[in-house]
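Labels A, B, C, D, E and F are assigned to the chains in the order they are written; within every chain, residues are numbered from 1.
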Amino acid sequence: MESVFTVRPDVLSGDTADVYFLRTKAVLEKENINPVVTMEIFPGRPGLLCGVKEVLALLQLVLPDTAKVWAMDEGEPIAAKQVAVRITAPYQSFGVYETAMLGTLAHCTGWATAARACVEAAQGIPVVSFGARHVHPNIAPTMDYAAMIGGCVTGSTTAGARLLGRKPSGTMPHALVLVMGDTVQAALAFDRDMPDDVTRIVLVDTFKDEAEESLRVAHALGKRLGGVRLDTPMERGRVTPDLVKEVRARLDMEGFSHVKVFISGGLSPDRIKLLLDAGAPVASFGVGSYISGASPIDFTGDLKEIDGKPIAKRGRIPGITANPRLKRVEFSATAK
Amino acid sequence: MESVFTVRPDVLSGDTADVYFLRTKAVLEKENINPVVTMEIFPGRPGLLCGVKEVLALLQLVLPDTAKVWAMDEGEPIAAKQVAVRITAPYQSFGVYETAMLGTLAHCTGWATAARACVEAAQGIPVVSFGARHVHPNIAPTMDYAAMIGGCVTGSTTAGARLLGRKPSGTMPHALVLVMGDTVQAALAFDRDMPDDVTRIVLVDTFKDEAEESLRVAHALGKRLGGVRLDTPMERGRVTPDLVKEVRARLDMEGFSHVKVFISGGLSPDRIKLLLDAGAPVASFGVGSYISGASPIDFTGDLKEIDGKPIAKRGRIPGITANPRLKRVEFSATAK
Amino acid sequence: MESVFTVRPDVLSGDTADVYFLRTKAVLEKENINPVVTMEIFPGRPGLLCGVKEVLALLQLVLPDTAKVWAMDEGEPIAAKQVAVRITAPYQSFGVYETAMLGTLAHCTGWATAARACVEAAQGIPVVSFGARHVHPNIAPTMDYAAMIGGCVTGSTTAGARLLGRKPSGTMPHALVLVMGDTVQAALAFDRDMPDDVTRIVLVDTFKDEAEESLRVAHALGKRLGGVRLDTPMERGRVTPDLVKEVRARLDMEGFSHVKVFISGGLSPDRIKLLLDAGAPVASFGVGSYISGASPIDFTGDLKEIDGKPIAKRGRIPGITANPRLKRVEFSATAK
Amino acid sequence: MESVFTVRPDVLSGDTADVYFLRTKAVLEKENINPVVTMEIFPGRPGLLCGVKEVLALLQLVLPDTAKVWAMDEGEPIAAKQVAVRITAPYQSFGVYETAMLGTLAHCTGWATAARACVEAAQGIPVVSFGARHVHPNIAPTMDYAAMIGGCVTGSTTAGARLLGRKPSGTMPHALVLVMGDTVQAALAFDRDMPDDVTRIVLVDTFKDEAEESLRVAHALGKRLGGVRLDTPMERGRVTPDLVKEVRARLDMEGFSHVKVFISGGLSPDRIKLLLDAGAPVASFGVGSYISGASPIDFTGDLKEIDGKPIAKRGRIPGITANPRLKRVEFSATAK
Amino acid sequence: MESVFTVRPDVLSGDTADVYFLRTKAVLEKENINPVVTMEIFPGRPGLLCGVKEVLALLQLVLPDTAKVWAMDEGEPIAAKQVAVRITAPYQSFGVYETAMLGTLAHCTGWATAARACVEAAQGIPVVSFGARHVHPNIAPTMDYAAMIGGCVTGSTTAGARLLGRKPSGTMPHALVLVMGDTVQAALAFDRDMPDDVTRIVLVDTFKDEAEESLRVAHALGKRLGGVRLDTPMERGRVTPDLVKEVRARLDMEGFSHVKVFISGGLSPDRIKLLLDAGAPVASFGVGSYISGASPIDFTGDLKEIDGKPIAKRGRIPGITANPRLKRVEFSATAK
Amino acid sequence: MESVFTVRPDVLSGDTADVYFLRTKAVLEKENINPVVTMEIFPGRPGLLCGVKEVLALLQLVLPDTAKVWAMDEGEPIAAKQVAVRITAPYQSFGVYETAMLGTLAHCTGWATAARACVEAAQGIPVVSFGARHVHPNIAPTMDYAAMIGGCVTGSTTAGARLLGRKPSGTMPHALVLVMGDTVQAALAFDRDMPDDVTRIVLVDTFKDEAEESLRVAHALGKRLGGVRLDTPMERGRVTPDLVKEVRARLDMEGFSHVKVFISGGLSPDRIKLLLDAGAPVASFGVGSYISGASPIDFTGDLKEIDGKPIAKRGRIPGITANPRLKRVEFSATAK
């Protein structure tokens, strides 16, 4: 099994781990104790499981051949307390990675779950992950990956889209229009300079009313115009269902039925539902902070067997927890 | 100005940027347009500003000498729409980093703000960032850094604590106790094997009632015991004010007044306040997901001048926004 | 005492009265019973009293010279159950007008009270009654009168403003702009054709973005432009504080500080407060349905003395109710 | 088509119009502009349409023969934004009446909608409009008309009932009972003096407990008594379901099953439902301020075509809006 | 009909009656008035009727042979205002006992109704009344009786259980464990000293964690152990579903499937439902203050006939109220 | 110390105790274990302490001379967990009475606390306990006692009032008026037959409107009438502030200022406050189920020392709890 995920050196070294796992390892080494244990990892809330593949990429690097691992599939719905990953291996070989494994699953599952909620609200209309600007760049591609696992068609970052072999999505920023000084001029330059496989979608809320600007751009680019993007800010009342309907109607009236309407700005499942319930003819939703700012869904790792004997801390039930959706993972020999 | 922050290559290459900034750069290059612009970056909600230093580390690498940058200080309170960073430079030199700058500020300010709320609730009692397990490991040290900017005394990751020259904090995990098979045995081994500068704080909720276990451990380690940690799970009703008071009272009764009580597990400003209002004698709080799972505080970057002329998109007021707390940033020549 | 109020013939004939008062009059005439009674009229809720003058205009026409009437002043605050009007006269002379008197007071006091709430929220900034379009035209001038009693500087109807000797207020409707085909053309025609004493206030949300249109109009009319009116519809997010601030800022930047910003559309005390609290630089508020659609404040008329003897129905206290703010009304002989 | 509605001279003169329509007319006359336009009038909320007939009576007086008008039927349910009236005519011929048309529809539709809610709650038991005392007498008959369009069997004003050819409804006021000094005396006088076609319904809450008084009156009038009316004030706990049941039971026990129980006082759809759900044997409901104090349902008039070309202000969709329930209106030649 | 209920002398003497009934009796005796009246007794809220038998035991002692009594059955569901008891007898013979009869029914019906709610929530799992400690001892057996009428299998008081011929239920108090100094020692002594027909149920939360203590006790008593009782206090997070599951699992794992888990402490229908919905394997619930602290369900006694003539105070309907569930009561001659 | 409280034989025998205390006693006797223990009794919620005297009356009967007892005063405010009673004695001498002691305190403190809330709301106007009819007669005098401890001037039961040496309070029941057939006849008979020291307060809502009946009674009894009682049922809207004011006003108008207005029926602190805030001139409040139906305030008895050594179960702090308001109790030798 090869992975697109690269484990960074400071993760592998334990530098990003809770320090008490490093201390535990030191104690056990000095005491010469290294039992074969079974750890089960499960979430505290239900969600859409994500991060399994990256966790497995890490385990593949560190576990001995005798280890056994079971996992649910990336992208499956998971219930609260359902076991996502089960590891049977000598404790010292992987105990220090508990922090990394839990964090990967928590963060990714949080994003994927939020993305899924948007995708379900959109009822088949494509949703794109536009939230890179709300998370630290070290993690933005991972966030886009999780959003795609949740059902987004793609993300806005090159590195993120690449993780699933997709092309990133983007139209044009306000900065281009402002620097060019006019939306039509920006649109013409974009059309002139971009390769043909980039769809011409023009942002139409920078200088003028969206409906007026949409028609100006449509007249300038004609058949080459793929769509317009509405991103009206709060200060102008953000994108309302009636605005979408009116832009659609005015485009249609002047013969531009081929021009699609894309929207972005403050979208959430509720907002998407409100727009669709009101009949707004949207071609695609760009969702930002609802997905990228989603809270992690916390995971816990519990030791449930030590040297084959059921055990658990107070509050947990000793021994293996049944989960028919767990599958045994086979690591390829070459991957290490 | 040197920085502890390393800009990763995929950030510098634009691979983590929203793709439309890359496209904008390509268009402007072909059109041979590169005006000096002024961009202002500001948050949508109030908070405790964090991430400025990392943003400046990035700008230092990419801006020409003619550029001018102003910024507020790391760790200052910031109001909604208050300008955190202002950049005057040729647009092509930094436009593509808008995603990275906004994301860094959004994520870090979100964490620092949440940490500050806990620190304020704790009224002088130390708070430690224990949330690494809830975020992706690529970002865990940054999260610990932001938590410390927010007032935490340290974090649980080595890499995070190092960013501010501190020592990470940790006691012992349930795993150590489970593998050792008994809390007292785990405590004795820990004491035997750890260097002297690691405080002996023993987790006392793994096998037995916390009060009973605290006394067993205190009798075993005597004066060498620094503290006990209560981390009672939800299944056992988590840590209540009365539990802390009782453990404290029973320790005192048997002559262990020097043993401090540390608590963790589901802490938040409200929970901390409830504990302190009820008079729980806590020595230190370990806060996890309240800080590390905090939502980012979104930032926006607006072009406000182009070639010295005030400009703005619809919904924003053209021209520079006054902010007396902005300071001019001097980049060291050697740092590049 | 002369009155601007004309009592319509169907009111005087009892045609608009509850029919049981006509039947009561018929019974008492046949029974030859006509005691001198004292009726007190009071509201069920507190408010700003309005309609007294019109009620007195009616009483002057019908009461015999022996009658005595006391009333509070038009435009005074009135408490729940405080007596607004007290009449001592033979019952047959005025009993049939109970419906008309109560209705006049209820409707007018409802409007005046709502207007007062807007005026108080506006903290000295003028409020104009723009609600004629939400009430039946037979009553629109009365509504404007009540709004002015409540503190509006004027109303939008000629007949209403005339009741207090004022000039009606209005800018231009969307219809003029639509028929002229362009806001600037409409503004120029308006300026060409209107007498000098009509302030040039131009509606700027018909075709283009408000900020853009404001500047176009300001450049076209220059010093002759008195103001712009923002009436942004719900479909475009209605008038926000930021829109007002931005229009103000853009006008100032281009040297049009003399051009004032008027706003209308869905205003209420809460909305006015929100705008002012956010610092929106508004010159005048045009309030429609909040005032004209206000619910009447119900009034009740109770007989409290008959032939000098205290009396009351169950639930009321017999005899005269003290109210030092009541003043004796002197009817002029000639007015009948 | 003849109409029972009289257009008052100040409506026809434009004196009750928003003054900016008069100014618009003046400008367009000077500019010699008078295009054929299409205006559509629609409500902002759903309701029961009322006022159409009065609007058509006005249009018939002012429109040229070339004009075309479509309208929904009086008394039809109407959706938000559904077109109630569409007018195609030279703008100058009717533009100034926009205020009057919108106000008539808004006020009447508000009343009719509230009346319908009461009628539906009453489940077939007759509802009478008793609210004249809460509105200005100039408008009371129109209010009663709208209440009847909404389903009330009649109203309390002679002029209102006459608009639909009905007889007004009323029992006796407290004033008659107070002036007569005793409910039984009032009932006997009423019976003596009223024509036979007026039902003997006696108000029984003036001096004594309602149950006691009902029996006194029933014994006095015997078979000639049609009913009793309960109008208990708030000070005595208003009319409760148990009061109605008890009065009914006590009347039945003493052989007065033919005497019906009418109730009034603070009724609303919720209150009616509560009474009927509790099994109160009510013969008829008299509803006052819930209907007459209902807020108008605002209407808007939009120009959608000018000289045959679709047009609209920002926020609206240009061109005719489909509505299959609109019917072409034929004005009779003689009616003008 | 014989009764287990003893009427205390101060009840029979009227000393516990509202004094105005004693005064009424004195007045009527002096006035020599003693009509045969019919009184109906009914509750203000629905519930589970209890107290009828004790009321009948009182009536049997005081009513003359000519009296007639009807009553619903003890333990039947009763609706608001449904007649529970109807008495036809000379007023002086029983009027003074109105206070006692209403109080008995109110208090007992309140307890029985609360007990029934717990029993229904428990879905067939036995519920025991453990609330004696929350009520005055003079009334504790009556409370246990009412709880059993409501469906509890028994109560904790000897006197209460005896009223229905049952054996009281109890395990062991914390006091026994504390005095013995160790749970296992207390369990062994209990086992040694108690007759065989007392089930060995051991309280396991006094000194140690419940799961740990359960296993200790199970190992000590083996097959003789009937069950463990969890009564975890609020200070330790009270009994959670997960605690029950864990204790069950740990007992099963070590071969003690025959040991049942009993729980108590703060139970209510909601709490019982929460535990069962979460799958907690509970063998029996001990409910205290939810039952014994339940508010009485107030009853009213109305005179509805006097000497055969329907009568009632204002607010009530005169005459007998139909209730097919009333049964005629036959008093045995000997019982007096 | 002598006591008015009689300990019933079944309390003394342990028949009303939780059976497990009897079993504990049996075990300890067989094991020959009888340490001197210290028990502390405290409430779970704050309140007004009541029941102490009755508890002490019980302890006096059972404790050996070597025992020591401390207690707070009857009628003192008590905080949650504040120790009300502390007993140091051989366990076997009093352990079985834990149920009775806790129940007495819980029930009485619940009633006294509710009474105090009414008394505070009444702001000096007397409150009488009228709730005997809502509790079992075995407990009604105790309830009245607790209500008086809470501040009520007296109660309605002879036995209850006697416990504090007071006279019970009562006016006349509806039954007397119904049996006499007329309120005035009932009033005259009451006046004729009652001793002079019973105030003539007449219930005036049985047959006629309260205001009418008050005047009839006042005219009949003149100066001998002390007051009227309003007890209007829910079916007639219960006692409203306006009803009290009107009755007061009508009495004053006809010269009966000496006649006081007493009210009862559904009173609670909120309702009392509402009446007084609205200015209702009430002379006295009769409160029923708010006091007598109050939930007990649960008490707990904890063993805190055994043979002088601090001890406690899990969740409690071992050893004596400080409370400066505890006073040492001296039992008189003769009282046993």
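Brief remarks follow.
Everything below uses one rule, namely that a residue touches a chain if its C-beta (ideal position, glycine included) is under 8 Å from a C-beta of that chain, and two chains touch if they have at least 3 such contacts.
Predicted model, so just to flag it, every value in this text is computed and none were measured.
Of all chains in the assembly, those touching chain A and also chain F are B, C, D, E. Contact with both chain B and chain D is made by A, C, E, F. The interface with the greater number of C-beta contacts, when D-E is set against E-F, is E-F. Ranked by how far their CA centres sit from the centre of chain F, the chains are topped by A.
With centres set at the average Cα position, the gap from chain C to chain E is 65 Å.
Inter-chain centre distance (chain C to chain F, centres taken as mean C-alpha positions): 58 Å. Note on chain placement: the centre of chain C and the centre of chain D lie 22 Å apart, centres being C-alpha means. Chain contacts: chain F has residues 207-209, 212, 232, 234-236, 242-243, 246, 314-316 touching two or more partner chains.
Contacts between chains form some other arrangement here, matching none of path, ring, star or all-to-all. Of all possible chain pairs, those that touch are A-B, A-C, A-D, A-E, B-C, B-E, B-F, C-D, C-F, D-E, D-F, E-F. Against chain F, the residues of chain C that register as touching in their complex are 310, 314-319. Interface residues of chain F facing chain D in the complex, by the touch rule stated above, are 207-209, 212, 232, 234-238, 240, 242-243, 246. Those residues of chain D that touch chain C in the shared complex are 8, 10-11, 14-24, 26-28, 30-31, 33, 35, 37, 91, 95, 98-100, 102-104, 106-108, 110, 130, 132-142, 156-160, 168-181, 189-190, 192-194, 198, 205-208, 232-236, 289, 292-296, 298-299, 303, 306, 311-316.
Considering their complex, residues 209, 211-212, 242-243, 245-246, 249-250, 253 of chain B touch chain F.
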